[in-house]
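Input: one structure, supplied below.
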Amino acid sequence: MSRRSAHPLLRPLVLFGFAVLALLLCCVVLADWLYPGNPWRMVAQPNLPPLSPGFPAGTDMLGRDLAAGLVHGSRATLAVAFSVVAIAIGVGVLLGLAAGYLGGRVDASIMLATEFFQSIPGLLLTIIIVAILSATPAHIVFSIALIAWPPIVRVVRAEVLTLRALDWVRAARVSGLSTARIALLHVLPNVLPQVMVQASLMLAGAIMIESAISFLGLGSRDFISWGFLLGSGRTSFQVNWWLSTLPGLAIFFTVLAFNLIGDGLERWLHPKSARGHA
Amino acid sequence: MSLQQQLRPGSVLRILILAVASLAGAAHAQQGGTLNLIVQPEPISINPGVNRLGPATFVGSKIYDSLLGYTQKDVAPVPRLAQSWSISPDGLTYTFKLRPNVVWHDGKPFTSKDVAFSIGEFLPAMYANSRHLREEIARIETPDSLTITVVLKAPSPAYIRTFNLPILPAHKYVGVTDFRNAPANAEFVGTGPFKFAEWKKGSFIRLVRNENYWDKGKPHLDAVLFQIIPDANSRAIAFETGKVDVLRAGDVENFDIKRLAALPGVSLREDGWEYLQPVGYVHLNNRIPQLANLKVRQAIVHAIDRDFIINTIFSGFGKPINGPLSRLSPYKDASVETPYPFDPKRAARLLDEAGYPAGANGVRFELRLVPLPYGELWSRQAEYLREALGAVGIKVNIVSTDVAGWYKRLVSFDYDIAQNFVYTTPDPAITPTFTYKTLKGNDTGSTGGNVNGYSNAEVDALLEKGAHERDEAKRRQIYSKVQQIVSREVPMVWTHDIVFPTLYRSKVKNLITSALGTDDNFATVELGK
Amino acid sequence: MNAAAAVAARLGKAALTLLAVVVVSFLLIRLAPGDPAQMLAGDSGSADAAFVAEIRRDLGLDQGLDVQLSRYLKAVLRLDFGVSYREKRPVADMVLERLPSTLLLTTSALVFSIVAGIALGALAARRPGSLLDGAITAVSVTFFAMPMFWVGLMFIIVFAVRLGWLPSYGMLDASAEAQGGWTALADLLKHMVLPVLTLGLYYMSILARVSRAALLQVAGADFIRTARAKGLSPGLIWRDHLFRNALLPILTVVALQAAQLVGGSVLVETVFAWPGIGRFAFEALMTRDYNVLLAVFILTSFGVIVVNLLADMLYQAIDPRIDRASAT
């Protein structure tokens, strides 16, 4: 019980999450410095095992450096994930504010749309859209964002409904502030913390979906990604098991990190939330 | 077959004869057993009259016999449904005497009408290649039920080698005009050594011995089971654990083959492709300005390390090739070919000379690559091509496509460069002619056609002449000249002369005994101990 | 709103959602580039323009989009999902053949995840803060973060290839199936272990965390303390009060996950070559077999909608005070 005195964001697991995120950002920013040039190049003997001199992650069957692939792959993965979250949050917050604040028909139709997108098999829809529109990064981001925004709308709407009833908001309206100003200057800042929590979890989810799409072979062929590496190693694991293992570990740690951070944020914002102790 | 069926009068006699023959030592072959193989991907139909793709012909060739077989050496014709044949002195009339007492799997007798129907009506309605062949025929006659005469418009030395065709039962298509949608297509009635027994979709296709096969004592096997295993890893495991006895090329990735071949009781062989002669291509669309330039095409070939492709990507299963014909072709003349060794510096120089200097970012021009989505190795090759050409300043963008998209783009010229492999066949007049002859119109009809848009009047004339030249020596000269010109002009990149390995348990005997290899009818295959 | 009207409203909304699914996905797929007629022609090894045009006529692709849509809607109402471009068989039949396999897989995974998840959550909630609690939380968090297809791949490598304990693909060996009876059943169970675990561990981890949280929340509530003060045995308290109240959030989560379960089954069925509709949909995608793709999408959406409806009604039945729609 004495652990409760530590700040929720400073708990060891959350710090671990931040550490992984920091490492990832390093990879994204320093990729060209760590592994200059093209990660697709054939640079060495094929199928070198990990911890070979000069090739800590080994090479694949064409002699491509897996470590270079992993580091550069972080870019594709994080770029897609952050883009998805940016779009989903942008759209979700706007729709959530509209639904909660304007009420009536607007609310009803937005909620119908939200429920529709939550009632359909998300991954299947994403796969279909990517396969139909062709696998460019923009299309992948679009199709994942399409199924990612509903939870944001619900969260924002719920917060708005709660806040609408509060005295200070009513006071603001009485004193003549326009709806938009109230929404942006007063309601939004109160909504953002909860949105941040959702964002963190959504990042994890987006990474999972993007790597699933790449794994199935539906991803973009131009940018190396972890899911693609995993998929390409699927039939050759008898000769190079590291291609099927290491990219998976990368995805796992990244998703884990975002989940832990999200958990930490949740605890910080809602210390009395139904999570119990420890 | 139930005991009742076995004791029908005719078969009792047959059994007695067989028993006597065996006692006489005429057949000391191992009878019995089920051969387990893999067919992948699952075919849509196992009627090779309806579908000519690999899986369909692989399974269908056991059910549907053809008129002739072909030996491994020289791809020479041997009797199958045709017992003997003669060619008239002017080379125009082919008379085939058909084997008597052959019955279809439904019991009806096999006659010359079936052959006339197959090569005269059914197959030409289904396939462009068969239609071309039909157009070379002046008339088909069936003087009696066991004789068929084909009269050609012009002599064609290659013709006798085109009979790797299924013969279909005419009596099942009486009154049918729409062959494509005929219900009989799905009834799988042939004259082959195996009858269709069961097809459990997604699981297996089972064929059983045809007790009334014309070749007494054959087939030796009781049954053939084609298992459908969609996953390459699982196929390798199935072989390792003994569930499957034979692995054909493409069943598992090449890098697994050496490992599996080292297992005890497993043998590896590379023959059995003398008829089909597969060659790997990278098509260059001669219709686009950059690739219409000879120097650019030459540069591309020099930029690609084809030894790397053979040794690293395909794990050594391939041979170098510098011209249009496979090493297995009787007409191959490597001495007149232009070699194009791996030389990126030379490639860069040629591109400069061709008038495509590198821009500020090192890029000269861009090309779209349409990959062959047939498996991991082809994906790796596509990635390698992108890097190799990128290294000399040609930026390659890999288009994402499925098999249907790939097919469509190739036959309609909607690509810049594309991966492919083609069965070049044992006579240049059969497939290579269509690959290098100037195409009229915009649709090549198949991916073995002139997908590159190559056009050379001299080559056209030579190909036309060679198809009808009866003097063998002259014919060789003609095709040598063709190879010389085409090799020099390099309308496409010949990546490798493909070696398709076959892995099998040593107890399987006579798996490959003809030029068709495992695509033959398995009549002679035995399962030892 | 009285109960009957509420039910009617929900059913109405569900029907509307389903209609939207059909229309939207129909339009989406029809607007796609890529031509199924060309594909079918190519697949048979011959493709001249006349043949392709014939196929297009046969399949009705040459008519306007609106005509195709209305025809399709009417057909769907009759449960006629058209004919597969590839196999020339009614799609409904093909889906029916494969549906039982998927239902077997997903139901088993769901049952496993519910049982294991609640058990783990309860164990953790019994002694919050203990080592066991920490271990269970660690396990849940770990499996939640692992991509399903990776877990499946790892399982195959370790248990099927390296150790050889379990089969690596499919649902039944042809030989076992032929023998039938107990042999076939045993073979089926052996084949089920890895795919069910792969699919189920993810949802188990979610349910473990949710049930732990729910149980802890309820455990702190007043009426529990009252019951304890009254001297009721802990076991009775657990059974009668805690579980019933914890069921609500669990039910919510299960219903929410139904949509995700479809995607999960696509991945798991592809990795394990399981002959269900998930893999069927993926293959249909690769071959542009639009009718099949549409049918699977519509049917799985229908399944999700039904599950959500049932969860709603179950929720109402357990706790009539709460209107679930506004609780989320």
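Which chain is which? They are A, B and C, in the order written, and residues in each are numbered from 1.
Going forward, a residue touches a chain if its C-beta (ideal position, glycine included) is under 8 Å from a C-beta of that chain, and two chains touch if they have at least 3 such contacts.
Just so it is clear, the model here is predicted, and its values are computed rather than measured.
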- Query: Where centres are the averaged C-alpha coordinates, which chain has the largest centre distance to chain C?
  - Reply: B
- Query: By C-alpha centroids, what is the most central chain here?
  - Reply: C
- Name the chain pair with more contacting C-beta pairs, choosing from A-C and A-B. A-C
- Query: How many angstrom lie between the CA centroids of chain B and chain C, rounded to a whole number?
  - Reply: 42
- Item | Rounded Å distance between chain A and chain C, as computed from the means of their C-alpha atoms | 22
- chain A to chain B, mean C-alpha position gap in Å, rounds to 48
- Item | Touching two or more other chains - residues of chain B | 233
- Note on the structure: Check: chain C positions touching at least 2 other chains come out as 34, 161
- Message: Please output the residue numbers of chain A that touch at least 2 other chains, ranges allowed.
- Response: 134, 234, 237-238
- Note on the structure: Listed in rising order, the residues of chain C that touch chain A in the complex are 13, 16-17, 20-21, 25, 28-29, 31-34, 125, 128-129, 133-134, 137, 141-142, 144-150, 153-154, 157, 161, 212-214, 216-217, 256, 259-260, 262-264, 266-267, 270, 281-282, 285, 293, 296-297, 300-301, 304-305, 308, 328
- In their complex, what parts of chain C are in touch with chain B? 34-36, 38-39, 42-49, 51, 54, 58, 86-88, 97-98, 156, 160-161, 164, 168-170, 172-175, 177, 273, 275, 279, 286-288
- Note: in the complex, chain A contacts chain C through residues 1, 112, 115-116, 118-125, 127-129, 131-134, 154, 158, 204, 208, 211-212, 215-216, 227, 230, 234, 237-238, 241, 244-245, 248, 251-253, 255-256, 259-260, 274-278
- Message: Quick check on the complex: what are the chain B residues that touch chain C?
- Response: 44, 50-53, 126-129, 180-181, 200-204, 225, 227, 229-231, 233-234, 237, 241, 243, 402-405, 407-408, 411, 443, 445-446
- In the complex, chain B residues that touch chain A: 232-233, 236, 253, 255-256, 259, 308, 312-313, 375-376, 379-380, 383-384, 386-387, 390, 397-398, 400
